[in-house]
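Input: a single structure, listed below in structure tokens.
We just call them A, B, C, D and E in the order they show up, numbering each chain from 1.
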């Protein structure tokens, strides 16, 4: 059988090698190689989605072979309904962000090498089913990310990169301890994520709690869950546009995915025990993130905090412990990736023209940039959960799911919908409306390439908004399987 | 008789040792050290280890102390009396050594050592024999060390004009 | 007498090294070209390494019990030879040596290697003490080797004073052990020590012995010399101290404290894990604000020693395995890192962190390999340093010492800061001032860097060979 | 041919995409694409209305989502209420689009305007066709979006942008309630379909809470007190937009929602009570404000709020058909009034009625239609407004005396302020040097058509036609009373209308010189209160908006200082610890030795302390 | 009759005196002198215990012998370093040398 998952993971690495071998001057060729390899990844991921059998609970496209036999480490890849849409999301955003990498104007060679390394790390995290492998990919993401922020970022890039690195590392090392504990809890010792749940779910309750919390530390920082979120605005703001897209679109999903793949199935008792706490954290994320986003004057920072707010809905859906909530959370992850990716692209496009992100310095851009205004409005509306666009479906299902479990709490967090609308519209008002700002000439409208990068995302927003079943069908069975295991 | 000798020589060794670390003048210190070493040599004799006693006198007093005095004289200019000879951590060092001493004694003396009646002298021949059988490897190894140190002393000590 | 003859065959690699060492001295009379003498010394190490497997066939107790031919000795001797080879290679292009004394320099290097190898097989406290002193005495000389350099002299003096006192304490402890047991042979002690271990005198003696060993491994609180000496000593020597001496120090700790007294020394796990924790924490914290690279690496080695020591503190089979693996990987990582420091110093004439700005632009190969080594030291996957830490943590978790594991991982996060800070300067900053012309010959250094970095990468993903080797050792030992 | 119903929203939706994507090339042709699309929808609506007799009910088209195991369908419902709404929406929308061709003639964003209008039409049609609450909610938000886009259509005006924001946010508050209501209803009954509402059974409190939450959505959308503040500001948009969205259709969606869920409300009298009271408050409050306002569009906006309140009141007192009937008639005459206002503004380029006057003679068509509209809304028989208002009054009479008086007072005020508006704008002498001209034919044509509806639409529900309209609607809820309406109520209604008109006439025409000022002087505090709209905007600003913004800024500062402060603080603490610890390394070797010695002593003490001192 | 306790006490005194000297002497040569005291303390122990156990191969004595040799070598190394540092820093006071610190 064609090892499609291995290809998905290691194709970018191959691309990185090719770029490595190219002479420094051949910038166009490098970009071409990176584009081709990420396009190939995208096509492969589409092929994966098409070949994915939706009715099956078990892993598909599985690849298993022994790796380090002394430790019983396996090279074990596979996808199920929980991960397949995220794989697609990664491939899509990977491709689009690569296409949007034209704003990288120096040290392109290193950029494309690191970028593809990053792709390998992210893709690997989503498909790895061996804890050891998972952890390696998980951490592998950090190193290229550090450089990508640190070299090509904004003025405070070094601070942001270091903060991101250390903060996320601090969480993941605790996960490492938990992984090892889990490893030793099984006889024979095993890193197999799927089989371990039979062992871990029978562990003592306090131990489960402890292990869950250790995993929680890693995932909570990645998601990020209030109050572990402060790395995010810094990293997002300082990162160059394509990297912000990846950060918000894919990286945050790693944390939430971790809950679905590891946190919940491995420790059902702890999951039940902490579900209300998670819901409260979700509520805080939603409201607090929205409130802080409201107070922003930096465009990118506003989007960054809106990510915090939106990931709160994921948490709410997760905490709901029912099919609707889980579906909503998974869908919201996908949607948030699409929408925020587009938002960061849009911010980047504006920044390229204006060289500022201060919301108060814009105004009236609807005039000189009608196409831009259309896309910005469109994406903002998707983000604030306008029905008919994808953002709504995820939020709706998450809220509905959590409403079934926690009435009052969900009712309070629904206030977040209002605040979200508030800050997005306030942003639109400041950017697009009003009298035209200082120098309209520098605001040329979007170019064809920029439109091309945005259009696929907007199309997905509409399609998923109208036919959420397109995504939901992938995860439905997996969610049912997870729920059956949890109860 | 032997016991008395041991007590008096031992007390002498202690006193000289303390003097050698307590006196100001570095030269005096070297002198007190040589007296201490002499006493230790005496103890070796009274322990029926005359070979060691002789070696002690020869190597230490003959070699090392000479070396020290030589070095003191070489750097004498700065060794003059107006300069403080101790650093500023005398008190705490004193305290630390006294505490150390208390610990040492209280730990060591709790072992039931008993008293040693008489000890037969180990013939020099046997000593030499075990030096070349049982302890041949360290003995040979020591020669390598001495060689290395000699070379090192030459390399670092020599100055090219 | 058969014992003796077998012993001689066992000592064949060491004998080759001595032969080449003296040869180096003689070479030094005729030439002052580093490449010539160094290559000659390297040849000696290579030949010694070739003859090493043959020596494993000798009997177990050699030279009347002075040496043992056990798997650990085999392991350490191999590591030492690798380290010695790498040390010679990074010395080849080291600029700050007095040309006139090059022959002697390699003589000393090989002498230390011999001492280290003997120390690795020493099975008697007498032999252990003598080899310890041997290593130390030559090390003092080497630390002060740049005799016109006040820093080097100061380093040598400090090393000497600190070492002499520490080994003196060890000696006093050994004398007490002798008094308590009447023997210094480790196998004999194993049989007898249970009778005296409850006494404070025995504990005191062991603690005093620990001082000298801890001094070699730079465990806190016996570590104070480390940063000063590493900073002042010639860089290849600092590398050798940081890896070679430490390997032997740990070999002593393993032999004496774990294998000999281990079962009866009840407070060992507590004592050792406390020391390990303090060591890694202090090393990491102090390294955070360092600006001199060699000094920073010195603190880093202190921290690394803490991790390694933790394997010994746990002392389960898994712990020993982790300890050996870590030691091996550590040797590779640190030699490479010091090699990088030498390259950079050759090119920039500086060891200050801020001068490393934009080094990536000047010498990408060095910068990238150095970065890999630093990340490996920091313990990030998929590098070997990660696996090493992974095993240590695993050992702690397996022994139900999860708190220790937690402390290790938190420490490793703190450590990432200063390792990555170096990378930050090299990669993220722009070079300041003009690029110095690259040194005339950096082939060996680059080779060392590439070898160690590649080894770190490969061992991180395919540790099978080393793991199998260590597992076999433990099965036999 | 009922099955064409689901195609009705499709054409305007397509028109939206065509216009938004090809706007630049189409330019002026985009108007006709939108108009044709609405016309097709209208035709389809009519055919649906005809086919309606063949069968009513809901028609699922496909599953949209699975929701707690329940499939939520894309589906349309076809019943009398829908049919009525379809017709109203398509007719009014088509007319207003035709009107807009003239009204928006010179606008640079002409095609964008029509794109939005089409999108609105599509959403509104979808809203009325939706067969379950979730679908309704989706289109509900859709119309809200179009409202936002169209209010802020002239984006260069800061006021327009602000008004759009305000409209969206205020309605969103209600919408969130609606969403929660949907959740609660589903939690209680397990279904969101309208057809299942009548057999809804679940915990009493949940159903009640759900009904009230759904009503909160209606409050937001229909600009009822306390969420009415957005509607007057929404007048910043083009007047045609105000006519379509903020008078005839979208704002009526709230009333439609309550009517749609009437069985749910009817099952819980308390809920109906709430609806009626909120409606009454809104009606009276808005009418009183309208009586003093000087902006032609604002007066109409407050009038809309007031009329919507009246509809709510009608529904609340159990008059399902009464409220719905008034919804329909109001759609026509209010659209007419707005279009007239638009025509006037188009002609005189001001909105301040104090600057107008005597326009009747210069804008004949506009003038006449305006008069018709005014009389219709004022409740002068036999115009449409009279019949529907009378229904509401009749419904309230008897069991709800307070509400009845409220409604009566509202009718009086309505007649008064509408007459005031008409008199000040159309009659008397011109009070400023305004250039005026009659509007083009595309604008006049819709006026004429709408005035026709304003004149005669009411007859459908009049006793003369035996309440045909009410019976038609009674498909779902039986029309309560077959007997002839109370003559007393009818008389009272006519009386207050005439009284209001008369009062206005006497103040503003007969005694124009002194009376307005006199009254103003006498009731200065009342006047100021009304002029400032009961200070509700200011109160909201001070109580909700500013504190909230302050909270946001505070939480940002909290984020920076406290949370990030802790993170950075820990990092700095560690670093500083490193900085302090390295000072331990003093450089003096004897210091090192001392530290080592002390370290050894400490170790000895901790490990052997006990052993050593057991003498 | 040999008083083992007493000799151990003597060696302890020598050892601690050495430690004290090492910690307080500014002059490097003074420290070297103190180190000799420490080594002699150990030597005294070794010879004593050799006699105490009545060893047949003279382990303690031979060890002591080796230590004397090593002490001599150590002194040489120490003095050479003293000379080197004196040459470079014109001082043999330890507290003059703290170029390497922190």
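Please note the rule applied: a contact is a pair of C-beta atoms (placed from the backbone, for glycine too) under 8 Å apart; a residue touches a chain by one contact, two chains touch by 3 or more.
Keep in mind the model is a prediction, meaning the values are calculated, not measured.
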| item | value |
| --- | --- |
| Common touching chains of chain E and chain A | C, D |
| Shared interface partners, meaning chains that touch chain C and chain E | B, D |
| Most distant chain from chain B, judged by the mean position of its C-alpha atoms | D |
| Innermost chain, where centres are averages of C-alpha coordinates | A |
| Two chains sharing the most contacts, counting C-beta pairs only | B-E |
| CA centroid of chain D to CA centroid of chain E, Å | 96 |
| Centre-of-Cα separation between chain C and chain A, whole angstrom | 43 |
| Distance from chain B to chain A - Cα centre to Cα centre, in angstrom | 71 |
| Separation of chain C from chain D, taking each centre as the mean of its C-alpha atoms, in whole Å | 78 |
| Residue list for chain B, restricted to those that touch at least two other chains | 87, 89, 93, 96, 100, 103-104, 106-108, 110, 134-135, 138, 142, 145, 149, 152, 156, 159 |
| Overlap residues in chain C, where contacts from two or more other chains coincide | 126, 130, 133, 137, 141, 144, 147, 156-158, 161, 165, 169, 176, 199-200, 203-204, 227-228, 417 |
| Where chain D touches two or more other chains, by residue | 582, 585, 587-591, 593-594, 597-598, 600, 604, 608, 611-612 |
| Pairs of chains found to touch, sorted by chain label | A-C, A-D, B-C, B-D, B-E, C-D, C-E, D-E |
| Residues of chain E touching chain B in the complex | 1-10, 12-21, 23-27, 29-30, 32-34, 36-37, 40, 43-44, 47-48, 50-52, 54-59, 61-62, 64-66, 68-73, 75-77, 79-84, 86-87, 90-95 |
| Chain A residues within the chain C interface of the complex | 68-71, 135-136, 139-140, 142-143, 146-147, 150-151, 157-158, 161-162, 165-166, 169-170, 173-174, 176-177, 180-181, 183-184 |
| Chain C-facing residues of chain D, complex | 574-575, 577-579, 581-582, 584-585, 587, 589-593, 595-596, 598-600, 603-604, 607-608, 611-612 |
| List of chain B residues in touch with chain C within their complex | 103-104, 106-108, 110-111, 133-138, 141-142, 144-145, 148-149, 151-152, 155-156, 159-160 |
| Chain D residues touching chain A - in the complex, by the definition given at the top | 20, 63-69, 112, 137-142, 145, 148-149, 152, 155-158, 160-162, 164-165, 168-169, 172-173, 176, 179-180, 183-184, 186-187, 549, 551-553, 555-556, 559, 563-564, 566-567, 571 |
